[in-house]
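Take this structure first; my questions come after.
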Amino acid sequence: MLETLVTGALLSVIGIYCVIAKKNLVKKMIGLGIFTNFIHLMLISTGFREGGIAPIIIRENVGFFAAYSVDPLPQALVLTSIVIQLSVTALGLSIAILAFRHFNTLDTEKMNKLKG
Amino acid sequence: MLEYLITILIVSAFLMLAVRRDFIAIAAILLSFFMILALFFQSQIIVVRYGGWTPPFGIVWEVDKLNAFIGLIIAGMASLVTIYSIKCIKERRHRFYTLLCLMTTGLLGVCLTGDIFNMYVFFEILSISSYGLVAFFLDKNAIEGAFKYLVMGSLGSSLLLLGIAILYGLTGTLNFADLALKVSHSREFMIALGLIIGGFCLKAAIVPFHMWKPDAIEGTPIPMGALFSTATAALGVYGILRLLFVFGMLQLNLMLIILGTITMLAGALLALVQINVKRMLAYSGISQVGYVVMAIGFGTSAGFAAGLYHILNNALIKGLLFMAIGCVIYITGKENLDEMGIRNRTLLVCTGIGVLSMAGVPPLNGFVSKWLIFMASWEISPLLTVLAITASAITLAYGLKIFSSLFFAQKRAEGKIPTTMLVPVIILTILCVIIGVFPQLGLAVVEPAVNALLNQNQYITAALGGG
Amino acid sequence: MDVIIRTVTKGIFPFILLLGFSIIFHGHLTPGGSFPGGAVVASGFALVAVAFGLKGAEKLISEETVHLVEGLVALMLAGLILYESFVRKYVGLGGGFFGMWSSPTVLSLNVAGGLMVMSALVLIVFLVVRE
Amino acid sequence: MFEYWSFFILTFAGFVGLGLIIYLLGSRKARAEERKYETYTCGEPFPRVNVGPDNLYQAIKKNLGIEDIQKIHTGKLSDYLLWMLAGFVVVLLMVMML
């Protein structure tokens, strides 16, 4: 459990730093991906159980399943969330392509026509 | 019937891509509006169990009066926007309607669901389709607004997911009613609550989170501006309310009062100095959401009634103003305030009523809810009343700016406005006047929602009891 | 691209499709399912787009076709929901389509999801290649 | 119903008064410019000064510190994200204080 927390803390700090401090739009998307991965790690670690079995239910021994298997729900949640993150990343990168076409740069500091 | 709402919207969204007939999307969104309308007149709480699973395990949709009220606003605005954009969007209309169907799916899904992860999924459907809609024109402004909204929105919804993960780790359940039984007020729960409320504040554009909204609205097609300022804002406020409701923390809430007051004043002051009319209306929408958040922070039933009433009135007024200004932009093609002269008497009357109503001039609907907010805030602290009245005065001041740009313009453009664009404007104007003259009509709609908000036990037993 | 990649692509493309669809169709029994299977199928089209250019890939599957597939999937989902909620409930046709498959609902959901994932990823690949 | 209308006149007068004060205060500088033109053009037809809506509230913009609020909205994504994170921190602290 400790490894998970340490990794999660590292990933979250790296992701937030990458999203905020990096000027490049593509790097911002990468940072967003890292940060989302941190959340997926946290979410899947909520279902963790020391020495648990794979959550495949067999009709004969429901009691055994309930006592020893890991929680299957966070895995389903993370799968859903990964697909969502995929579409956000795809949309973000296509917007980055269009932004490069319009502004001739990916530097977000230079794309500040709308302000005030 | 409610099970098929999402199916209809999603199926029509993908059919639009293949078949490219506008009437599919229009029919689907209007049908969803009538479904929500039928739902609104049901007396008891409706629980829809997907796949027949009982609530703590399966996904449920739970519709009480509060859901139905917000859903009615959302579906109503979505259908008016749909009718409005038949002529307003000139090219690639099937893409627009596909995204609009998906956005309505997301809005209604977040509003009606009773499961917190399901809420996150619909929240993301809403977010992704609205990023696409912000980038719809694919020109410089649209792309800039879109990527700002995309990065901010995705980071916000990631933090919302983190809050949901913490909640799941602490309680092991995702159902609202079950969560309401299991939450306590310890520090871990409060972290989760803060993260989720922050995610919804981003959608409602409360002040430290508001910066995407003017930039995004300046780039979007104007019907989307109307939808962002009404439906999405109402949804953000609903999310905050529902979370506080689940946590049983609907008493006097200093955080919401402070955030709401700052939002109200900052939005109004910033709207005062804008030159671009879309941007001004965006800031005006932010300011009106500030009133709502301040009112629901009071924690009294008068405060809730005032806040919910102002959500309704803000939707009507801001929708009216965005659509009317959209008609002007349709003819002149200019977005700056000093080149907006137009020669069309109906439109001028409608815009004038909208501006006066936004400023809170009786006998229009904006006055009623603002009056209720002043009354509710007087019981908490007279200082808040003074601030709210100041913000109202600033609202009138920037309303006058729109007034003078429309009525005292030097050059007036000629042009014919299509009927489908004029009809929603007229409908909203009539509603504004009717609710202003007969305020008890609006109160009759709002009061059941307030009662539902104050009765937590009813919500829990409807979901969990009677399996 | 050079001749090696073209030749290998010609040889390997049917097998990629086969692998993808087998993952989709066995989704309810084995690991995998709609998302990995759809991604594998889309990777086959991406390979064609790399080897033969966008023109070559569009000969196989054009953007219109992809949209058509999405519309068909939408109709399929609607039909599935109608089947589940009306036909099975009121007419009483239980036990799958004529008792042929082990779990028809999950299978048809897998197929619909796989086709949807495939078309979305193919669209993304086309958009990126076009730039 | 009656209670909503009992302060009708008061509110109306208040709104109109405040709005008028702000309106007049805002357009004062622009009018002064116009008068200057009148004085210094000696009998010649002077260029017509058109006061559009964008220079209505210039005085308020200068004096009430709205320019400072506007400067915060730099249009740069990194600044926006920093403000947003600051907002999250503020919301977290305030929720924990409740």
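Chains: A, B, C and D, in written order; residue numbering restarts at 1 for each.
Just so we're on the same page, contacts are C-beta pairs under 8 Å (C-beta built on N, C-alpha and C of every residue); 3 or more make two chains touch, one makes a residue touch a chain.
This is a predicted model, so every value here is computed, not measured.
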Next item on the list: Specify the chain with the shortest distance from its C-alpha centroid to the centroid of every protein C-alpha atom present.
Entry: B
Next item on the list: For chain A and chain D, let me know how many angstrom lie between their CA-based centres, rounded off.
Entry: 42
Next item on the list: Provide the C-alpha centroid distance between chain B and chain C, rounded to the nearest whole angstrom.
Entry: 37
Next item on the list: Between chain A and chain B, tell me the centre distance in angstrom, where each centre is the average of that chain's C-alpha atoms.
Entry: 28
Note to self: On a C-alpha centroid basis, what's the spacing between chain C and chain D, in Å?
What the structure shows: 56
Notebook entry, point to check: Which chain D residues sit where two or more other chains touch them?
Noted result: 70, 73, 75, 77, 81
Next item on the list: Could you list the positions in chain A whose residues touch two or more of the other chains?
Entry: 19, 28, 87, 108, 111, 113-116
Next item on the list: Mind listing each pair of touching chains for me?
Entry: A-B, A-C, A-D, B-C, B-D
Checklist line | chain B - residues contacting chain A, complex | finding: 117, 120-121, 124, 127-128, 131-132, 135, 138-141, 143-148, 150-151, 154-155, 158, 161-162, 165-166, 168-169, 172, 174, 214-215, 218-219, 273-274, 279
Item checked: Touching residues (chain side chain B, partner chain C) in the complex -> 3-4, 7, 10-15, 17-19
Check: In the complex of these two chains, what residues of chain C are touching chain A?
Finding: 35, 120, 124, 127-128, 131
Margin query: Considering only the defined contacts, which chain A positions touch chain C in the complex?
Written below: 79, 83, 87, 90, 93-94, 97
Check: For chain B, which residues count as touching chain D in their complex?
Finding: 147-148, 151-152, 155-156, 159, 187, 190-191, 193-195, 197-198, 201-202, 206-209, 211-212, 214-215, 249, 253-255, 258-259, 266, 269-270, 272-273, 275, 336-338, 359-362, 367-368, 371, 389, 392-394, 396-397, 399-402, 404-405, 410, 438-440
